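The letters A, B, C and D name the chains in turn, as written, and every chain counts its residues from 1.
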Amino acid sequence: MNHPGTPNLYDTSKHVKDGGLTFRARFGVERNGVNLLAEGSFGRGSEIKDGYPEFSDKVLKKLGWWNDLTPEEQGAAEGRNWKTDLSGGIQRVAIKHGCSPFGNAKARAMVWTFPDPVPIHREPLYTSRRDLVAKYPTYEDRKSFWRLPTRYQSIQAIDFSKDYPIILTSGRLVEYEGGGDESRSNRWLAELQQEMFVEIHPRDANNAGIKDGDDVWVEGAEAAKVKVKAMVTRRVDSGVAFMPFHFGGHFQGKDLREKYPEGADPYVLGEAANTAFTYGYDSVTQMQESKCSLCRITKA
Amino acid sequence: MIQYLIDGPLWYFSLAVFFIGVVWQLIAVVFTGNKADLSVPRDSAASGAIKTFFSRFVPHREIAPAIMLPVVAGYMFHLGLFALLFFAAPHVVFLEENLLGFGWTPMPHWAFIVAAQFAFFGLIVLWLRRLVNPVSRLISTLDDHIAAILTFVVMLTGCFALLEGSTGLRLLHRFTVELWLIYFPFSALMHTFTFVPSRMLTGAWFGRRGVDA
Amino acid sequence: MLSLVLTLAFGLQLSSADASNIPPQKPNVPDGVSALNPGSDLWREVRRRDGVGEFNEVNQGVLVKDLLSEIQRSRQVPQGISQVNQVDSGVMINAKGRRWAAFRMTTLASYSGIALAAIFVIIITFYVVRGKVPIEGGLSGNMVKRFTDYERITHWTLAVVFLLLAITGLILLLGRPLLIPLFGKEAFALLASASKEGHNLFGPLFLVSLIMMLISFARRNIYEKGDLTWLLKGGGLIGKGHASGGFFNMGEKTWYWMVILIGLVISISGLILVSPNFGQGRLIMELMHIVHAVSAMILIVVSVGHMYLGSIGSEGALEGMKTGYVDINWADAHHDRWGKHCHEEDLIVSAEEYARMQGQPADSAEPAMEQGK
Amino acid sequence: MAQMKFYCDAERCIECNACVTACKNEHEIPWGVNRRRVVTIKDGEQGERSLSVACMHCADAPCATVCPVDCFYTTGDGIVLHDKDICIGCGYCFYACPFGAPQFPEQAAFASRGKMDKCTFCAGGPEEDHSSNEYKKYGRNRLSEGKLPLCAEMCSTHALLAGDADVLSDIYRKRVINRGASAFEWGVNQLKS
């Protein structure tokens, strides 16, 4: 079919075969009496000038396009939809008629199965902005979240920002990837990032009496401590500290290099950033909170 | 051609001269023998020998202040040279590949340089003392001077070849070492080995007489 | 200290006012529009921080004051950062290096060469004109002890190490213009590599022997009342009369303090140059190199005079350092106050006594000039 | 003949150090030696810019001026190379170089630096092309294979350009023209506008 690819996923200005596409009718055709399919919006060159569900053999038959399939495709497509028809016939025919195989629905960020059907801001559990807690409260504690008791409200209620004033976040380095064990064993990458560090704004560093390159203790709100190098920079705002999470091999200041199997220890070891992070789980995916927490930074 | 010569036959020739020469000299020392001591042995010669061997490492209390300089410079030179000879990285590698087949952990580079500085300083002071002190100047033979200067040259060419970058300087150093090995058995350098029997002989001789030498 | 002053004067005199700090021009844009362009502002700042005025032949002489100010400024203006953490890896452009390079190869090398040649010419003409300064009344053969063994060992150790360092240093400095045309690059590379390793290894030995020299000779080199008159009379070299001096006359004392002080400056700057592992930046190293080279040249040039005066220049001088004994007439001539002291204390050793000490058989007691084996 | 130059476009460089890593990987450069480095000025502030800095192969190279053993030579393409057999590792070229290009394997006490190593514009050195000896001392000789230096090839945003000076200036002139006032706009101080 020589399809050029779809640079923009939602682009009704181009024919589907030239890389245009519509929103997928993923959640059925109707909910609470409201039509979920598109109304009055369709791809260029689409023979159906309105919303349409995902293509399957029944849809093709109803539309009368079933005979556009070759006999073998018909055999393969019998009783299947565009995802399970291995011959790809349903997709070919849908695109031939200018339609996108997975249907044309309203672009509605309306996930009714989520606690927040439409995403709204909820203040993180460990926050220094107590004013936002009242405005954007978090969820109630849940007795059984996939059979796991998970706390939200009860933690947010406690104000940790008195002893842990600085907001702590973590993120990536371009030199390392993932947990970093593999890329920290790469001689050339390891040389570029030899030390685990925390980025502090000059004002916070000045208040804590920290110079660039000093060893500092970053103590998370749940009293876990990591010993890292201080990098005084304006990359982070005042009151915020950033830590890369590719390092490992030290634990609360102790170098555990000898625990690595013989010859398997990477060139560079460092504290794992997540040691200093705190409790908090996503209300849907249970993904742990490693982006915003509170910490206290003192000179080591 | 020169490289082949220095790295090859001349090296083995100088080793041969060295080993045969030393063994020859030591045998000569042993077989010259000395007149039997007919006196009644008052004490054991062996213990005298051992005692004297170790007591001579430290200068006598009475004359210590007078010869403190040669003793200190002597130890600086000898200890620096031995540390340098046996624990310097290039030497350890050389011994491992050419002579012994096994190696050991060398000193760090800065320690190697400091040892060399001790050795050089010690040798310069020792040799100058030999020239400056009228007594030692009188009793110094040409051989003593040659031995000192040759050792100095060997060490100097070694220092010159520190960068381990050019084969020319390495060859020069190796060539001077070969000269040193060839000259060794015929010179005062033999004291490297003969000091052991000489101290023990004297020690035994006096030990047998019950004298604390 | 002395040499630092000299290098300052040396540097100052050479270079004219340096136009490196161009005031930041305000972009000529009507006031209402703010067209600050961080891009060009940034490069102007980088240029000024590391920048230098237009580099041209006129101001290629290095301004030591400029280097000093550059070192402070390099601390105020924030350096760049780099993932590569090595010495000066944060400095994007270090234009001072180019000026130092030009200074070393043109000004320093040529002036050093000229100075070295000049001192030899001066000495030779002096020798031809004045010849060996004789001792009035010739040698008496009666000797008096001037230096102990330890002092002579200290002197000669310092001398040996100094000579070795001077030769290797000059090879490194003047090797390229003078020796490469003779030996060709490969051969000279061997010589230069050997000289560099030798120079670096013997450097600290110079400091050690300098300290030994300081301890054993400092007391007798403290300036006394009579020294100024010695200077005013030109030290006996120029003009007729003889200047009086104690154990060491004023000239020898000045030379001693020159060796100690300039020697210390050379040693310290040398030690800094030889240990690049303390992370000092290039500016400091360049400054240390200038101080090291200029002071060393001063010492080398003056040392040639010392060697001449101590050996060929005046009769009987070398004996003191060679054997430790000097002729009493020599002492009276050059160091009359010390000579008088020897007469009073009766420290004089007669010729026969001296010959016996040197190990000649008693009967052949000719004057003690010839001795030893 | 071409006049080989590097040019790093500060508006594009994102300090990802790919050029540094590519160079080290290609020439098997030991730890501690970085022929190329990325320097960032005003990191994290308004007007932050980065540049990839290595030997710029100057026409009148200060390193060649100051070298006590004169081990530098400039090829027909204007590439400044040096002879590692002649180099004595004294470090003067490092002091003289405006860009800090000369590197030394060790920076140990007693100035034992080892032989100087520097960016060769991927043109090897005075050894026989493609010989293992050349690779051991100077690294890959890409130019004799008709390729351009790997650092420029690896640059993800084409900030680092390497090649004939005229070609580079054409490329950069087109970029400046395309940017037109936007370089100014980018440049306009957001705080005020």
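Keep this in mind: a residue touches a chain if its C-beta (ideal position, glycine included) is under 8 Å from a C-beta of that chain, and two chains touch if they have at least 3 such contacts.
Quick caveat: nothing in here was measured; it's all calculated off a predicted structure.
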Inset, instruction - Name the chain whose C-alpha centroid is farthest from the C-alpha centroid of chain C. - result: A
Inset, instruction - Name the chain pair with more contacting C-beta pairs, choosing from B-D and A-C. - result: B-D
Inset, instruction - Give the identifier of the chain nearest to the protein's overall CA centre, each chain being represented by its own CA mean. - result: D
Inset, instruction - Report the inter-chain centroid distance for chain A and chain B in whole angstrom, where each centroid is the mean of the CA atoms. - result: 74
Inset, instruction - Just give me the whole-number Å value for how far the CA centre of chain B lies from that of chain D. - result: 52
Legend entry - Geometric centre distance via CA averages, chain C-chain A, whole Å: 69
Legend entry - chain C and chain D: spacing of chain centres that average the CA atoms, whole Å: 39
Legend entry - Residue list for chain C, restricted to those that touch at least two other chains: 81, 83-84, 189, 193, 196, 201
Inset, instruction - Enumerate the residues of chain B that touch no fewer than two other chains. - result: 113, 162-163, 165-166
Legend entry - Multi-partner residues of chain A (each touching 2 or more other chains): 175, 191-192, 233
Legend entry - chain D-facing residues of chain A, complex: 174-175, 187-189, 191-192, 233-236
Inset, instruction - State the interface residues of chain D toward chain B in the complex, per the touch definition above. - result: 84-85, 87-89, 106, 108-110, 112, 114-115
Legend entry - chain D-facing residues of chain B, complex: 109-110, 113, 162-163, 165-166
Legend entry - Residue ranges of chain D touching chain C (in the complex, touch as defined): 10-11, 15, 17, 20, 32, 34, 37-43, 46-47, 49, 51, 53, 62-63, 65-71, 83, 85-92, 94-100, 103, 107-113, 183-184, 186-189, 192-193
Legend entry - Sites on chain A touched by chain C in the complex: 175, 191-194, 233
